[in-house]
Amino acid sequence: MKNAFKASIVARDEVAPDHVELILSSPELEDAQPGQFCHVLTPGMLRRPLSFSRLDRKRGRAGVLLQVVGSGTAWLYERRVGEQLDLLGPLGRGFEPPDPSRPWLLVGGGVGIPPLYAALQCWQAAWDQPLGVILGARAATAVIMTKDFQDRGVYPLVTTDDGSLGRFGTVMGPFLEWMDRYPESQVMACGPTGMLAALHGAAKARQGSMQLCLEQRMGCGIGACLACVVPAQPIGEEGPCYRRVCTEGPVFQAEELVF
Amino acid sequence: MKNAFKASIVARDEVAPDHVELILSSPELEDAQPGQFCHVLTPGMLRRPLSFSRLDRKRGRAGVLLQVVGSGTAWLYERRVGEQLDLLGPLGRGFEPPDPSRPWLLVGGGVGIPPLYAALQCWQAAWDQPLGVILGARAATAVIMTKDFQDRGVYPLVTTDDGSLGRFGTVMGPFLEWMDRYPESQVMACGPTGMLAALHGAAKARQGSMQLCLEQRMGCGIGACLACVVPAQPIGEEGPCYRRVCTEGPVFQAEELVF
Amino acid sequence: MDLSVNLPRGLRLKNPIIAASGTFGFGPEYAAYVDLNQLGGISVKGISPKPWRGNPPPRVWETPAGLLNSIGLQNPGLATFIEEDIPFLASVDTAVIANIIGHTVEEYRQVAERLSQEERIDAFEVNISCPNVKEGGISFGHDPRQAFLVTQAVRSVTEKPVMVKVSPNMAEPWVVAQAAVDAGADMISAINTLVGMAIDLKRRRPALGGVTGGLSGPAVKPVALRVVYEIASRVSVPVIGMGGIESAEDVLEFFLAGARAVMVGTVTFQYPERMLSIIEEIPKVWRRYGFQDLPEAVGAAHLDKEGEPG
Amino acid sequence: MDLSVNLPRGLRLKNPIIAASGTFGFGPEYAAYVDLNQLGGISVKGISPKPWRGNPPPRVWETPAGLLNSIGLQNPGLATFIEEDIPFLASVDTAVIANIIGHTVEEYRQVAERLSQEERIDAFEVNISCPNVKEGGISFGHDPRQAFLVTQAVRSVTEKPVMVKVSPNMAEPWVVAQAAVDAGADMISAINTLVGMAIDLKRRRPALGGVTGGLSGPAVKPVALRVVYEIASRVSVPVIGMGGIESAEDVLEFFLAGARAVMVGTVTFQYPERMLSIIEEIPKVWRRYGFQDLPEAVGAAHLDKEGEPG
């Protein structure tokens, strides 16, 4: 059926140690949106969700950029140009397009960076408001896609936890500075839960909108199993309600979420 | 340690549809005896036992000839020259050498034929008593190693269940004829349980000795788990006792067994 | 080969492959991937009178050949199900089985009573075996007396076929199955998941938010076959088998153990279309092992049956 | 890193890796493949007063990530063990655990009493959990009262450390574990195999001669971890964990769940030398996850402990 298909790997790039970007080709990818993901068959019991790192919708191409963290990503790392991947997708709710009349800030951590690049690629054309990109990583060796941003004329501010590249520390420093300067910024962020929680906390006290792209362990990836939930509004008697990352996300408005 | 080792595949021959013979090389194979087996690592939870089909002890080489019947043998069928197999072995009790003063009969069915060929190869030199080989198979396409026997100047009498090659029917017809002619024959047999049971039944009424090479599902392959047992003498109050094919066999004297 | 299956009280399946409860949502989710009209049936996610929130995430974890889940029976409740899902299901031509749950016997009764009025519901599956919640799950499922009472309550309010879903997490699941049959169950479905857990080494914590979870997938198939075999040889009603089914060969194994139909769950996450290919393969696989029709295989491996045909 | 483990009544293991009963014979079988002196211990095949014949073959069957066995506790009996195996074991420098079985409480007592006189036996593992025999197995293991009586009988005849091996085939294994501890058990080992079965499609028969069998291997790891976790949080004595261990990471999972040592079974059939490589890996794996010594990891995933260190 339409949303389950095989895509050919047409390019493969080892972008950093243990990080690889695969460019996939198949007509079904013409519909992909920034922030959406595909659910990739690997030898394990579950598929692996991966965000699109870049989109070439006219040609039915999309990238996925992954870090090796376990068995499935290790297997994907070994795939070569010419092989096919078995995908479900495009899946989930992507980013809402940014409002062209307000400043725009992208904040990415680790392998949360790829969907932000896809968003930039999609909506950058004719952007004339302030546009910032802050990228965080553990260390210099895990900083990815800076060159891609630069090639689009956008110079990311990089932070590393160990100070081995860019500013020492987390993205929160530059984030707060940017927000002081452009309080009405619309923020799009993706990265580790700790980072998103910090951004979410900081956002509460401010104006501006914030979209967060989340990760959660998934079963089906298509809304049937209720595995991939995160705590969300409204908060009832028993606590927050649970919403599905795979279909109601992965992108949420910050105010929809509870950290 | 000594009995767990890797052996290189130095030759590979598709001897019949779904049958392949692999020639393995490793110093540990210098000790292999006809009727012994090796326990081969495959991707499944258990190793696969395979008899030696031919031996070149001086060069540390031995063959295994297998039929594809399930996942493990299918995987082994795909192995290529230059790859290595992980083996335990040589394992088990092989054939007792034949007594050169009496006629000798080899009776093999299907993939029970390979260990008989190894026995012939080992003890044929300067044999001057009558020597017979009866090979049975389901159909012509599963008759294996006849040419190997012929190359040694021994012309097997072939039977097939469907009459598609050689005599129609089982090995029992030619077996009984041979035994009428050479009642003192020493018999070595290997094949499906039904065939061995029939031979065992026929042997009871006769003189001569009979060695049977058995199959049983195995765990460890080295005598520790007691998985691979077959009913054997003595028969006690509860019935036959159980003996291990992997270490007390796979070759048994017929009178040790209970079918 | 005629793949249809006739079960008690006129329940007729096109074929013996039913989507297992909790792995197939309420139907629409997989409709873009599977032609639902080709399935033997769909057992929907467990339904309670009021919405249930479920367990904290993470809710799934991979294990060798298995899957741990601790969904905790999150569901939108009876009213939403009737309003939003039954209209969709009305457009689908397959048997719909309402999987029902409750905190109390009365809650099970409520759901069954209300859904009994819905034409679109073809049968009930009474879930007294979910390991992920205390009430509405294993507390009923491990006590034959409770199993009797729940089944009786459901039976008293519906003429539709009722199956009771049995837990493998006890020494003698057939005692609970028998209690359900005594209370009027028309069928038994088995198994629900095995209780298990995993540790997330990085966080030094139980991997699942619910601490323990339910194990499903191929890893549990031997346990499931044994429970089906034992129940089929002890109770008089049809058994619907499940647990780790991935292929038509697996389906045949369950039939030989005594099942008359099966449910397929975890494998759907990997291969959404697998149920359809299994349906397609059944005639071929049946014939390969010498069976001419579905019923011939039912219980054929039981030791009182004639064996070793080949 | 100091890998030694101190257990009750002076039982000291060089390291926490013990060969699991029934998968390692009486020692000599694997001696050509593994330097036995490097193991933490060996739990020998179950020993009964008189020889047991065991179940009809086939006795093993592969399942997804698992192994079914129905050996049926075949063993040569107490006298042969003393005569033939203890002399060999006397030449080996590792802890020897006598796994004992019986048809009656009295038979368990007999074996323990006699072997208690043998210097070479360092501890007892009382097997009341083998699913493959009716007596001497699960009938004791599923009934806390019987478990108490068997343990008490063994306790009454020996000063050596006694562990009782618990079955996972019931709703609340910790009740049996507690009964054993109440009767004087110094340790609990868990789990024995899960009851399961497979069907041989070609023969249309249960694949195993014993019809049902015991499931082991990676497939059961989630069940084993949960049983260990639950027992460790409920009983006061050390727990020896097992079930599907293949790697040093698996060992750490069992430690975090509450085990103080582990046994390794099924994987040895594939990789005879695996126990040794696990022992070698432990320090590296422990450090990778931030643990400085073995005890630090024991029970660290329990929810009353401090978590999420990273």
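Read from first to last, the chains carry the letters A, B, C and D; within each, the first residue is number 1.
Heads up, the rule we're going with is that a contact is a pair of C-beta atoms (placed from the backbone, for glycine too) under 8 Å apart; a residue touches a chain by one contact, two chains touch by 3 or more.
Computed from a predicted model, the values in this text were never measured in an experiment.
S.K.: Remove chain C in your head; which chains still hang together?
M.R.: A | B, D
S.K.: Tell me the fewest steps from chain A to chain C, where a step is a jump to a chain it touches.
M.R.: Counted as steps through touching chains, the separation is 1.
S.K.: Taking each chain's centre as the mean of its C-alpha atoms, which one ends up farthest from the centre of chain D?
M.R.: A
S.K.: Taking each chain's centre as its mean C-alpha position, how far apart are chain B and chain C in Å?
M.R.: Centre-to-centre distance between chain B and chain C: 47 Å.
S.K.: Averaging over Cα atoms per chain, report the distance between chain C and chain D in Å.
M.R.: 33
S.K.: At what distance in angstrom does the C-alpha mean of chain B lie from that of chain A?
M.R.: That pair's centroid distance is 60 Å.
S.K.: Which positions in chain C touch two or more other chains at once?
M.R.: 63, 65-66, 217
S.K.: Provide the list of chain A residues touching at least two other chains, using ranges where the numbers run on.
M.R.: none
S.K.: Mapping chain-to-chain touches, which pattern fits: line, ring, star, complete or other?
M.R.: Line.
S.K.: Please give all chain pairs that are in touch with each other.
M.R.: A-C, B-D, C-D
S.K.: What residues of chain D sit close enough to touch chain B in their complex?
M.R.: Going through chain D, the ones touching chain B are 22-25, 29-30, 32-35, 45, 53-54, 56-63, 65-67, 69, 71, 74, 217, 266, 268-273.
S.K.: Quick one: in the complex, what on chain A touches chain C?
M.R.: Touching chain C from chain A are residues 1-4, 41, 44-47, 88, 216-231, 236, 238-239, 241-242.
S.K.: So in the complex, the part of chain D that touches chain C is made up of which residues?
M.R.: Residue list for chain D touching chain C: 63-66, 68, 138, 142, 169-171, 194-199, 201-206, 211-213, 215, 217-223, 225-226, 229, 244, 249, 252-253, 256-257, 289, 300-301, 303, 305, 307-310.
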